[in-house]
Structures are given as structure tokens and as C-alpha cells.
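What follows is a set of structures to go through.
In the two complexes below, chain A is the common chain; its partner is chain B in one and chain C in the other.
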Partner chain A sequence: MSRETVTTQEVKFNVFRFNADDDYLPYYKEYTLEVTSEDVVLDILNKIKWEHDGSFSYRRSCRHGICGACAMKVNGRSTLACKERMMDMIELFGNEMTLEPLSVKRAVKDLIIDKSDFWEKHAKIDPYLVDEIDETPEHENLVSQADMDKLLDADVCIQCGACHYACPAVAINEEFIGPAAFAAAYRFEIDARDQSNNARLEIVDQEKQGVWDCVKCFECQEACPKDINPIEKITKLHNMIFKEGMANNDVAARHAVGFERSIKKHGILDEGELVRYSEGNIGVLKHVPVALKMFKKGKIVLPWKMPKADKLDEIKKLVESSSTVKY
Partner chain B sequence: MSIPIYTYDAIIVGAGLAGNAAARELKNEGKNVAVITKLHPLRSHSGAAQGGINAALSSADSIELHEFDTVKGSDYLADQDAVEFMCQKAPETVRWAERMGATFSRKEDGQIAQRPFGGQSSPRACYAKDRIGLTLLQTIYEQASRLGVKFLDEWYATDLIYKDGKVSGIVAFHLRDTQIAIFNAKSVMFATGGYARAFKISSNAHANTGDGLSIVARHGLPLEDMEFVQFHPSGLSGNGVLISEAARGEGGKLFNSKGERFMERYAPNALELASRDVVSRAIVNEIREGRGVGPRKDAVYLDVTHLGKDLIMQRLPELRDLAITFLGLDMIKEPILISATAHYSMGGIPVDIPGHVRKNNTEFVEGFYAAGECSCVSVHGANRLGANSVLEALLFGRFVGKTMASEIDDIVLRPATEDDAKRAIDEINWILNNNGDERVAQLRDELQDTMTDHAGAFRTEESLQVAVDKIKELRQRHKNIRIDDKSKVFNTELQEALEFGHMLDYAKFIVESAIARKESRGAHFREDFDKRDDVNFLKHTMGYMDTSGDIKLDYMDVTLGKHELKERTY
Partner chain C sequence: MAEKLKYALFTGCTAKESTPEQMMSTMAVADKLGIELIELTEASCCGASHLQDYDDFLSLVLNARNIAYAEKHGLTMVTICNTCQLNSAMTKHRLDNNAELKAKVNAKLAEVGLEYKGTSLVTHFLYAIIDDFGLDKIKEMVVKPLSQFNIAPFYGCHNIRPSELQNESHRTAENPYNPTSLDDLIIACGGHNVDYNEKNKCCGFHAELQAPHTAAVLTGNAVAGAMDNNADWMVTPCPLCHLKLDTQTGHASQAIGREVSLPVLHMQQMIGLALGCSYEELGLKHHVTAVDFVS
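And then the complex of A and B:
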């Protein structure tokens, strides 16, 4: 795809406009622009501002994907405006597209949103290396590259917020810390130099705010423009909590353990028993109406009718050999 | 409108490496310090540094060699006492950053890994893959926050409170609601970054509009060595986004349209790893002489394919990603298109080693400090060596913070009054209400085109005069601007207008300092005076702007030292 020529084509943009002082409701304004094969989405935002309406506002700075200021949405898909090629957008969406802020409900001015919730949650997980800092060191800490590689590039997160505002758990649960801050918690918790003694694991182990309320939809992985893969870090945090023997005996942790029990016993998931085990014999009663519906549709079966997987022996061996859980 | 007045011991403007490092020192000493930034701290341009940070760590290297390379790279315009200080403190500074959590790449034995860089006699650039700035900025911000430094995000500083030779605060407004406030303090530090955004082809962030420099200059305080702007050899063709010197440090080669490895002709020993000014001029010259490549024939090839996929993915992953995004070229498989790009500002607010801002060649301003790219110590002289910029910002930021902490108790707070905000209020109201027919974006394009075309890697009296005249014209037309946005919520058009006003002021310093320097030294290359002239120009330019916008030039001696003047070859 070497660039020996530059081509242009017309694209229609529906752009989210809102001014918190003047507008009761947001509206969409249409701009039709000539787009070149060299343009990224930020070039389009700049063209709108510089050639059509100077009041159009968005955050931006570095223009090459390292500062994290310009995260926004194209056709509902999170992206960094300065790193997204227009040619790729046209290939995905055709010659008409909608430009919106990461979160419509947090919009303040056009694509600029109030990100205070994002930064507050980030601050919650002690986002710094915990160690007594030698102010005049004569040597560095000796750390192997293999140990540094365990960070799994979590340190490359640029705090753009794309994953945070794509996360459905963040959207419905105000306390949920969210994928970006979890990735940061992992980044410091796994660092061989960190001396915090699992303090962050305790924070992310809490119900409502912690990793157990992740719904494992993989939206964060999809949204991340730097390939940080936050859910990979969330899963690591789950494992670290178990490994350290810190998991609380609560619904969230029992839900995870219940999965393992079911697989060990049947080789497949026993949905009814999983809920009973997680919630306990009394807590499970509130799920009876849903259970009846599921039973009618054959999604759950009576305990003595629960089928077993083929090759259950092999599955049991796999579970045992891979499990590190202390619970 | 009532103007709130907030009081602190120290106010720092800018939250890159220098600002954060100073704030952490001040907080560590128990001072009440706030950092204001027009961005969020983590958006600062320090985070964009790619290749590395220099320190003579290994036994094969030495502090003296680091000094020598820096002084030679500077074309002998650097002040050698400042260079000595920096190179001596470099190992401690890098290790301190590591202790705070920076994620350096490692050698087999677990020590910090180092790579070769241009103009250096030893592999000296400590790296973190190709993202040194990101990890250093995150680390120093994290540790400053950990101590409880107060950060005021998205506040735009518009003026300095400077009276009777003393500074007692700043005036700023919150981008969220355009509320103006006075930050009254015993001491103020500027760490506002570089000014290469005045050029069309530039590696710099949108934010690098050199605000701090023009704010200072408007008070009649000097700016030093403004003609020295570094053109980095490898900006991506078309937009100038940086491809780190690490690509050449790891073994990348340059080729022209004839397939010649042309650096053999310009720097037979150092080849692609000659000093940046040398490589940039070679590239521009190849293009001028018709041996360019790419759709506009305005680039040369940078080839790293021979390094192999594993090494590229391990050490240059970000660079590969950039070339794919902006050029559609995968450097694992094919050469990419690069050309010189305005990159770094050697000049700036003149300071001494502890960071005091100069009022003139001999006097200093009380309560006013600067560090990082906005300042001129001068450790870079006429040309900065790769991987010395993040070192300067972190190291001087930190030590200037120490200076401030030690002097703050001897400074009496001079209470500010609402009147101190008058200049800022007038400027903002003028922009909001001026009803002309010129557009800021249009004027800015014309300025940037002019600077790249006429004040770039090659300059002549004639080309610089074109730039001088154009800036004069733009200053007239600037009086006739109009902006669309009259609102108080994130008025980014107002912000761009203020920034453009700053660009116009400091661009005048660049071209007038350049026209007066009738020699070629480091990044300042005059085709009509193509030799270095130590008899007449081994001195720093000191420019002063008067209230009518005219610039008067003066000169200041260079501090020489043990590294004697020599012809510079690579």
C-alpha cells in the first residue's frame, strides 16, 4: 500500500455539537468534506474547526497517538482521532459517518467530556510505584527483562479513556473502577519493585467497585487504541487475588469458584447450581422466577438430570493441572 | 467580574518532566506548590520523547566523554559549566527515575539497557523500548501526585505578574468556563516547553506554541539564542511526526532515489549517526538536488528491514506503528519515507545553572525560574544531541525545584491585586470582541509555511528577509482578526488565537536573531556565510522586545571550559 499517489474523496460527517452553557439538548451538524488518503480523523476535526466553524471544540495535542487527549467515537466505535486513518474508516463505514464524544452524557462542549470520574477512579488504585525513593541512588534496581515483560505493556496505557467509556459495567455501576484503572493496578501490582503488599489487590477485590463486577464482554479490549488489552489484566488480577488467598467469601468470588466446581463435576456448566452456590441457599430464592423461565426453555435441568461431558476424566486432569487457586 | 486570588508558595506553569520534577522537590520540602497546565499533565509533550535519556552509566563510557560529545554537538555554543553539571548528575538522575518506577529496558544482568545515538562516542541512551518520554512523564507525575502536589488541569496561563524587577505570580483562566484567576506566589517557575510549532513541518504537539516565551518577552525580558531550532532528520513525510533517532541508532540506513547511501558523502565516519543538524542538511540537500522519493519527491528512504522483525518489535514497536498509520508502510517489510522536521528549541528563556531567569547579561529576576525546553541554560548551544532533552528537562527541573525550595523562605510574598489581571483581561476581551475579517487558522498557516520555507534547515539573508517581512505583514493583519466562538465553555478558538499571538511574537525573535547571526553554527546554517565564525559569533544572542514589538539584539559571552574549540566533523 505504498504511498506513491495521494487520492481524495468526499465524505459526509454528522458531528455531535453541544455547549453546556447554551444548549438544552445536543444536536448533530452535517459537514461534507474532501478527505485525502493521508488524512487521519484528527485532520477532519481540524478541517471542521479551521475551515468551517471555529467554535467546534475537541481535545488534542501530540497528534501521533502518545498523549491520549483526542479519544472519541466514530460511528459508535471508540478511537484515538490522531491515530485512525480515514481510509480505514471509509472501508469500515462507507462515505457517511458520525463523530461523537466518548460519552454523550458527559459532554461539556462538542467532543470534550467531563472526565473527572475517570481520573478519580484512576487515583483510587494508588497509581504509583510504592517504594521508599532513594533520592541519590548510586545504582539502579536490578530487574530482569523477563520481570519487566510481566507488565504486559500495561505501562503503555495513555489514559485516553476509550475503554472506560466503552465499558458497560462503568455505565451502570457508578462505583465500578473500570478497565483502565484495573490495568494500572495490575501494572504496579506485578512490578517486581513494588512494595505495597497487595494493597491494590484489596481495593480491586471489593464488591461493586472491584474486578468481580467485570462482565467479561471484552469491549475494553476492542476499544483500546494502544492494544493494552485491559481484560487480560483484569483476569490476571482475578488470579492474583486467588493466588494470594485474599478472595472474600462473597458472591463474586463464589461465582468464580462455582464455575470451577461445575466444570470439575460435569465437564460443562450447571447454570442452576452455579447460581445456588454463588448466592447460597437463601439468596438463591430471589432468582426463582428467572429459574422457572429458564427451566421451561430447557436452559437448566433438575440436579439428577445434569448431563456429563464426554472425556470428563481428561477435563478433570486439565482443571487440576492448571488451577493455582487457594480458596 | 471579580477575580479570585489564590496564594501559594510556588506556582509552576507546565506539567511536563521539568514542571513535575520541580513540583515534587518543592512538595518534598514541605512547600505549598501548584502546577498549572493547559492540558492534563499526562498530555504534556515530554511524553512523546521516544529514543532515550543520556547518562554515562557503563564502565566503557565516561562523564567527560558525555561532556565532550555534548559540547561538540552544540558546535561549542553550549556553556561548559552547565554541560558539566548536567553530565555529572545524569547517572544519578536516570537511576532516580528508575527508583521511582520508570520502566527502562534491561540488559541481561538486569541493569538499564543503553543504545547508540547520533553524535555520541558510546552507547549512552538509556531506553524503554521506543517510549522513554511516556514512562518518565508517567513516573514523575505519579510520584509528584503521590506526595500531594496540586495539579490544576486545563488552566491557560496568559500573563506573568512582573513589577519592579520581581515576579509575584501569574494570571490564568480555566478553559472549562473562562474564569480568570490570579495565582499569587513567592516564586514562579516556567516549564512551558518548546516553540517548534511555528513551523509547518514539525514534530511538535499542537500545544507547543511557546506561550511562556512570549509572555516573558512582552515584559521586556530577554530571550536567548532563538535562532537555533533543531530540524530532526527523520520526520514522517507529509506531516513531520517524529521517527526517533533510535531507528538509526539500532542500525537504520538512509537512501536517496538512486539507491545511494548518501551519508557516505556527508559524514564518512559517523554516517547516519552524525549529529542531527548534519544529517538533516544532508537529507534536505538530497531532496533539493532532485534525488528525493515519495509522492512529492520530498523525502528519502529510511530502511530498517535488515534488522528483522524480532528486533523491530522488541525495540521500535511504536515507530513501526506510526509509519503504518501515517504512511501505510510497514518498516519490517519496506523502507519508509522521512524528511527533516522542526523538532527542538535550543533557545529560550535565559537562566543560570540553578534556574534563575536573567533580566540581562548580569542581573536576575527575583522570584522567577525556568527549566526544560522553554529555557536556555545553555546545555545544547547551537544543536542538541539526541537523548539530552529529556535529561535536561528532568535534571534541571529537579534542581531548579531544589533552588526554589531553598530560596523561598527569603522571599516576601507581595500581595497581588485585581489590577494585576488587567493585561490578561484586555487581551481576552479584545480577541472575543474584535470584529475584523482575518481568520487565525489562515494567518497561522501562512506563518508556518513561511518559517518552514524561509527560516528552515538552510537560510540566507534573502530568505530570512522574506520571513521578516511576512511576519510584519501578519502582525498587521492579526489586528484585524475575528473568532466565531463567543462562549465561555472550552473556548478553544480563543485559546488558539492567544497561542497564535505568542507564535507571532517569538517567530520575530527567531528570524531577527537568525538574520543577525552571519555565520553557520549547529542547526543555524547560512548559505551566504557557510562557516563558523568564532571571532565574531562565539556568543549567545540576547533579544529584547519593546512595547511596540520591535526587537533589539545584544550578545552574551559563552562560558568556555576544558573542551577546546575545534572544527566539527563526523
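And then the complex of A and C:
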């Protein structure tokens, strides 16, 4: 961009401030700054620190979107401060912005957070290639392009934590491994060279910590600055669990399978039967109080009144011929 | 008025089962607005964001089949459920951008004499109304403005995320971190839109069976957020969010340690009220959390 086309705008920033050593509670400090069309968010953070308050703290390092240090939130949107253009932020949010750490609850000092939970979960899925390495190989071990293509997009993760701290399941359930570590689990699990014999699939298959507790909100896909699409990797891990015959006989797996059963029978979903099949005849009892309330309001269709899609034969035929996995 | 708007309607499953009021109000509002909806009675379940975890290819085939029926009519497919919208639009996106995958899916569809071409758009009724009908026209048609109410919009994940995909499905660009379509609709109906942090967050529906605590906390947070910002009621374009917010506040209250409950209307019911539809026409008796402000 030539100097002549540089424009400026005034923006009001509400900046999250907190020092775990001194403050009981965080607070927001207001800074009104001139923003130029050349600025990225990191330039604003630098301006605040260099020109207004030297104690303002944030992580930064590479300035090229590859180290992941400067991940933070602008108006609730995760981003890399060094990569995000201010003019794009103004277009999205107007001239008032809130700058916050990725996780308010894990803030240590201003935008710096304690990322230990992220690293613990990352370590949990063995994020490395498991193989007996021949120390004196006689030739190169070539991997086909097709095999590499399966893992390449997941491999560009910079561990910035944007998806992890955007995930509501992570925020509520401390055991949940989270989208970043799931994407890493996929990256190594799908690697043709890996010899871990589905060890990672075992880990992500467990309830509470595994993929089954994903709420399917797509916050991770939206948050990722590297377009890794973690929820797509979560889907692929689910698929691998079923393909490897590792899915447990539990509510989570049966819930996914139940859709196929129902579609085959009715074309559409039989809601009551899906819950019964997923939970089992005893587990389903805990849903009775809510089901009764719904029944009173005409929200439960009785089994013998269950509607069916037209051309059900066609649907049945397609389910049978297109099915690629057994449970 | 120009040419009558006409769409192929993919009702989804809940409209036939647990949210009959959603089907009733959709038809009542379409009638008031003069929009013709041709119901895709052949459509199957979209897989509700779970089937693809089990069998991704089967999910693609079934969703492509649904869209193929809309294509036969030569119409845009309109969805009235966020998750139907996501699964249908995702299928369309993947097939339209991957000739090999499209050919594989079409090989299966050919067995039943169908073909997915990619000629029909897939859009949620909310965006069809905004893009094609126009909020200004709704505003003109309002006979009973909702001016007494503070209404909290609850967008539902699968209409706003992933934004790249969603914004292919409609012309009104939506920012998932600051969505405005439902707020604009509330205003068009004469109501006061409530701003709150949870409006673009997850209701927890899809994890209800596998992760009941997580799901209940999310529901609780959503309703609490609306209540703390003085909402009289909530409105959503998604019947799954509706089910969660309308029927599950007991669990949600327990999970967050605080009594939360608000009436929740489907987007169609809100429009219907403003256009003068009756309590009966909008199926308001089918709510577990009573809609006590309408008689």
C-alpha cells in the first residue's frame, strides 16, 4: 500500500486489565487511539504499551502468524493479533472494540493466560510419531503424496489455543480434551508411518474427555486462524472409531448409529425411539419426567402414529447400498 | 406485489414430532406473507449432525437426495431448522466443490433414478424472508407490533457457524460474533431486541444425551443471560434450540444453581403474532414453558 492511500480512524478500545498478583478482579481500561489502515491488532497492543502504559502485558514473538503466541480475542472473536488487520475488525465490529485474553478465567496478567491446561491435554494424545526408528537406514522412507494429503491441513496447527479456549465444552468440562488436541490426535493417527495401534483413538473414544462430548457448535472452526477445521477432524476421529470397530456399546455411539436405524425404518427420525435406543431401556427412564411434560403439550408422537417419509423404499434402498460402516 | 415467492420446504423431523407448533406457525406465516411452500414429503432426516459421525458417506447421499428433490421442483430449498440447514448446506458445499465426491454420490442416487446437480440454493427461512421478502415489507404488514416486549434473539450455532459456509447460503452477510438478522427481524416486528452475551452461543442440544451436564449448563447460561438483560421472552429460528430452551430449563436450573425459565418462541411464531395470527394458529399451546402473555 502506498503512503498516499493510508487512512486513519479513531477507535475506542476497552482493554482487559488484570494482574493476578495485585488485583482481586479484572477491569477494563479505555483507550481511544488513532488506527491507520496499515495497522494490525498487534500494532494497537504495542501502541498501548509503548505510548500509554508500559505495564500492559501480552505475548508476542514471530509477527508472522506462525508462533501462535499473540492469540487473543477481539469482541469475543479469537484471532492472532499479528495477522488481523484493524480495518477488517472495524468493518466487522465498528469503532468500539473489546480486547481480551483467549480465556478471561485463565488470565494471569492482562492478555497473558495460563495455558497449562492446553499443554496437558496436548500431551495426553501423544502428539508425536510412534515408530521403531531404524538408526542406520539404508534408504529413505518415502510417504506417498496421497498419504501426506490426509494430514497436511491438521499439521499446520501452531498451538495458539484459539480453538481450545473458544470451545464451550472445554470451558465447562475440565476433562474434555478439546479441539486442538483432537486435531493433533487425528494428525498422528492418520499418519501412514505411525505405529501406535490406535492408542490415540482409545483416548479420544472415552466419555467425558473424548470426542463424544463435543457439542457441535463449530466455534473451533470459526476460531482457527490456520483454517484447520478442528470439528472436521473430530468427525473423522468418530469415523475412525467406528471403522476400527472400537465404538463402545454406550449412549454416545448408539446415538449416532440410531439415526441410521430410524431413517431406514421411517425415513425421518423417530425421536422417542432414538432416545430409547441410545439410552437403553433403563437409562431412558431418566427422561420420563420431561417426556411427560412434553406429552401433555402434544409434543410426543406415539409409536403407532409415527409418520413416514414418502418414497420410503427409495430411502431404505439408499441406506443399504450407501452404508460404509457397521456397528 | 411482484411474482409470488415459492420455495421447496424441507421441514425436518421435529416439525412433524416434538415441535408441531413450528410447522403450524411456518404455514400460517407463509400464508400471511403470500409465500408458497411446496413440502418435500419425500425428504429423509438430515442426520442431525450425528449421522455423519457414524457414516459420513451415507449422510452425504441422504442429504444430496433431499436437495435433488428441491432441484426437481426447480426451487430453492428452504429449511426451518438450523441443523437441517447446516447438514444440507454442508453437503451442497462439499459436492459442488468436489467433482469426484459428487460423482460417487450420484452413482448411488442413480440407483433410485435421482441426480444431484447443484442447481438449488439451500437457505434457512429466516434468510429467505430477509433476502427475498424483505424486512421493510414485514414492517408494513405488522398489525400488532410487539412494542411491549423485550425480546432476546437466540441465533443457534448452525445458522451462523461456520460463517464461510453459511454466508454462501444467503445474501445478508452475518457476522457470527455479532449476528444481526434476528435482531433486525425483532425490530421489524415492532419489538425491542435484547443484547446479551449468549445470543450467538450454543444451547447444548447435540450433547444432551452424551454430555448432559455440559448441555444443561449451556442451556442455563443462555436463559440466564437473556433474563439478566431484562428479556420478557426469547426467540429462535431453530427448533432444536427451542426444544432445549423450552423443555429443559429444569435440568438447566439445577446445573447452574439458579432458577431460570423464559417463554421461547419460534421465529415464525413471533412474526405470526405481529401479523395478527391467533394463539391457536401459531400452536402456542404446545409449549412446555407457557406463553402466558398471549391469550
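Please note the rule applied: the second predicted complex is superposed on the first by the 306 of 327 C-alpha atoms of A that agree within 3 Å, B and C clash if a C-alpha of one lies under 4 Å from a C-alpha of the other, contacts with A are read in each partner's own complex, and residues count from 1 in each chain.
In this text, a residue touches a chain if its C-beta (ideal position, glycine included) is under 8 Å from a C-beta of that chain, and two chains touch if they have at least 3 such contacts.
Just so we're clear, the structure is a prediction, and the values are computed from it rather than from any experiment.
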Fit or clash - chain C, chain B, common chain A: fit
Touched partner set for A:214, first chain B, second chain C, both or neither: second
Chain B versus chain C as contact partner of A:54, first or second or both or neither: first
Which superposed partner A:64 touches (first chain B, second chain C, both, neither): first
First, second, both or neither for A:321, with chain B first and chain C second: second
Which of chain B and chain C A:26 touches, first, second, both or neither: neither
Superposed arrangement, angle subtended at the Cα centre of chain A by chain B and chain C, nearest 10 degrees: 140
Touching partner for A:93 - first (chain B), second (chain C), both, neither: second
Superposition-derived minimum Cα distance between chain C and chain B (Å): 14
Contact residues of chain A, present in both the chain B and the chain C interface: none
Interface residues, chain A side, partner chain B - complex: 1-6, 19-22, 38, 40, 49-51, 53-55, 57-69, 83, 85, 87, 108-110, 112, 119, 123, 127-129, 131, 133-145, 148, 151, 155-156, 158-159, 188, 191, 193
Residue ranges of chain A in contact with chain C within the complex: 75-77, 92-93, 168-169, 172-173, 176, 207-208, 212-219, 221-222, 229, 235, 238-239, 242, 251-252, 255-260, 262-263, 267-269, 271, 275, 278-279, 289-290, 293-294, 297-301, 307, 309-311, 314-315, 317-319, 321-325, 327
Complex interface listing, chain C residues touching chain A: 13-14, 16-20, 41-45, 47-58, 61-62, 65, 108-109, 111-112, 157-158, 161-163, 175-178, 197, 201-202, 204, 206-207, 209-211, 213-215, 217-218, 247-248, 250-251, 285-288
Chain A contact footprint on chain B (complex, rising order): 39-40, 42-45, 47-48, 92, 94-96, 98-101, 103-113, 131, 133-135, 138-139, 142-143, 145-146, 176, 205-207, 237-239, 241-242, 294-295, 318, 321-322, 325-329, 334, 337, 439-441, 483-485, 487-493, 496
